[in-house]
Amino acid sequence: MNFRGRDVVSIREFSRQEIERVLHVARDMLPVAERRKRSNMLDGYVLSTFFYEPSTRTRLSFQSAICRLGGRYIGFADPAVTSMKKGETLADTVKMAEAYSDAMVLRHPHEGAARLAAEFCSKPVINAGDGAGQHPTQTMLDLFTIKEELGSIDGKTVAMVGDLKYGRTVHSLSYALAMFGAELIFVSPRELQMPKDIVESLSEQGAKLKSTTRLDEAVKEADAVYVTRIQKERFPDPNEYQKVAGIYQINAALLKDAPEDLIVMHPLPRVTEISPEVDPTKHALYFKQAFYGVPVRMALLALVLGEVE
Amino acid sequence: MNFRGRDVVSIREFSRQEIERVLHVARDMLPVAERRKRSNMLDGYVLSTFFYEPSTRTRLSFQSAICRLGGRYIGFADPAVTSMKKGETLADTVKMAEAYSDAMVLRHPHEGAARLAAEFCSKPVINAGDGAGQHPTQTMLDLFTIKEELGSIDGKTVAMVGDLKYGRTVHSLSYALAMFGAELIFVSPRELQMPKDIVESLSEQGAKLKSTTRLDEAVKEADAVYVTRIQKERFPDPNEYQKVAGIYQINAALLKDAPEDLIVMHPLPRVTEISPEVDPTKHALYFKQAFYGVPVRMALLALVLGEVE
Amino acid sequence: MNFRGRDVVSIREFSRQEIERVLHVARDMLPVAERRKRSNMLDGYVLSTFFYEPSTRTRLSFQSAICRLGGRYIGFADPAVTSMKKGETLADTVKMAEAYSDAMVLRHPHEGAARLAAEFCSKPVINAGDGAGQHPTQTMLDLFTIKEELGSIDGKTVAMVGDLKYGRTVHSLSYALAMFGAELIFVSPRELQMPKDIVESLSEQGAKLKSTTRLDEAVKEADAVYVTRIQKERFPDPNEYQKVAGIYQINAALLKDAPEDLIVMHPLPRVTEISPEVDPTKHALYFKQAFYGVPVRMALLALVLGEVE
């Protein structure tokens, strides 16, 4: 198992053992991420953060990660300031990251962009989301959150709630959770159910799965609820959307009968799918989950740059 | 008096003694701000600079301040690159700064935004201007400028010139100058006089105040002239604006009869309210005043982060 | 020869000996630019990168340069986030760089902007392109590329291809190459020939020059081909543009008969003027040329900041 020089394009390219290695290193990074401990492990390193679409949380957590380890970053948060509008190809832009830095974090609206970047860049490329494609570091921080908060992933029951049809986050996470031996409950309106091919593939993988439209029932059985946004645009009828958004909202009433240790997760940003009244409760894990993005990304950077074995 | 972990939302929350502490630390920072001396006091620290509206001078001076002390920054200068447009609340965005950094500098168009941010963020929040609200670090650097250049604030006469009705800068500064025992001359067209309630409140505070429409006379009595922009939009009649803008402009002719040591200050950016012909004179203090933003912000960061007592 | 505190506005202000000094220091910087060696030469320094128009390659290479030497940067990549729209002059904005940092890199759409900035800023100003004006660090990295790759500049033959009429890059570079004793072949369509006054001035300088419309012939004689973009807007007739763009494209067929050691250079970004099929060949030097921007800019920063003699 060697991470040095490796690209992080899809979670599918990582074995369970490899992901466990990332999570293990991430735990070592925790005190540094909280500044309880100092590190200069990545002193002298420069990270490129090339964001072709806005994603504040992902961008800032990567930048925090390199800073916490003593490194520096360059890049852009907005394609308007790039040479894209002069007609430059992504392949040529990628060569900049190769020339000016030691690794590249790429966010791009088109599926497959990270794969293409990795082909053209001799330095490690980390996919920070490519359209409807992959967002592997999100999956890794989701796994880290469950492991840190529930003690293990194996044997835990995770309810995935919301738009399971289009949400890339839940597809990648379902795959990874199944690999780690978690049980899954898919909770969604009929219009937004987990695609059949994914369900089948998970079943073949040996995953324990359940599907339901009843959030209230799922909540009673789950160790973790993973909530995703339901986008208005998915519904031709706005009234239909309103109804669904109301039914699949996490709020105090719903959590009244939930297990005491239930954790509520969300990749953020949220809009109305989790009521702010949940924030002060012990169930609310989504802000801590966002923080966990820092140690996980620190771990990945240290690994692909070869500063941790 | 303890600054560690403290929010800096309004100048009103700081006693004279506390502000004097900030100014004292700022003086210690001067050689580091000018790079005559090296410091790594904030090594390993990450500062969030979240700017929801452009403010180059404030943003860059905070970033210079953290850099000069060996720290790093993350953030945005433009809300277009944030999740705001996905409908995320300010409260949720603030939790990012909490998760990814050690302190947050916030600029926001809405009054009260910094207060709200401070409520949601467990790390120190520094208000870098919130609409018609407060901009406390501007007031502190203004005080620092007067103290450094005139030797003291107590007993000095400061003429405030321009839009005294709407200008938040001059309201906060008037309050602070009165607290420090300065005498104030309010110089403005009748349409833009200092609001009555502020004048009354300052009088009750024991401040020595004078009001006039005559800039030429005020200049003869003052130790410092603090100039602010008069915005065209305040005048329904453009001719009226032109007349006023001409009368309240600082230029060479006006300064011919001014005391030799008179200093001219301005929060910048300026447009026409100070003629460029003033720039090479010894009266022109506004560029140095802008520089003083660096040591003052270095002091505040070091204090709220607990690296200076 | 002293670089400390010096502005870098135009290549014309540098003697051959001075440019050779820059290239020599740049070579020393190579292992640091590649992170094979660590340096903290510019620890504690802050660089302002003020970009009034997008130029990703130039901006990121300057930022990489200061980072590789242990320094930090502040600035903007987009004038929309500045006070420009409040009506602030460039002269006043420049005073910010002076107050908050140790040197300023300026990109501006108007010719002469860097000269003006240098007048108002007491710290070194480096011109990163001002409209149709100068871009001296591009010329320096072009020279460095030729010297590193061909062993010398003196006596080498460089074919300049494309828009020689409007391209500032090729004007500055022609002047510098002539000063270094290179022979020049100007290759362009008749509509875009090198301006007569430049040709005459080069001849007076003692330069060996040739002009042709035949790219295929020039390629056979050259040690280096320097390609620039031909802009569609130069041609009233789109068909005429298409024809010209086709004739002056570097592709595999053209390079079939080229000397084995021929190098192909381009300031980038490119659009269609070099076919991607050239990229994997040993002739393709343009990506390495972009990388060379880092050591050259490191050298310039270290020199004007006085950390290298």
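A, B and C label the chains in the order they appear, each numbered from 1.
As a working rule, contacts are C-beta pairs under 8 Å (C-beta built on N, C-alpha and C of every residue); 3 or more make two chains touch, one makes a residue touch a chain.
This structure is a prediction, so every number in the text was calculated from the model and none was measured.
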Self-check item: Cα superposition angle of chain A on its copy chain C, in degrees to the nearest 5
Solution: 120
Quiz item: At the interface of chain B with chain C, does the proportion of residue numbers present on both copies reach over half, so same, or stay under half, so different?
Solution: different
Quiz item: How many Å are there between the centre of chain B and the centre of chain C, using C-alpha atoms for each centre?
Solution: 40
Practice problem: Going through chain B residue by residue, note those that touch at least 2 other chains and give them in order. | Solution: 72, 78
Practice problem: Please give the residue numbers of chain B that touch chain C in the complex, ascending. | Solution: 35, 38-39, 51, 54-57, 60-61, 63-64, 67-68, 70, 72, 77-78, 268-271, 276, 287-288, 290-291, 293-294
Quiz item: Of all residues in chain B, which touch chain A in the complex?
Solution: 43-46, 48, 72, 74-76, 78, 80-83, 85-89, 91-93, 95-96, 98-102
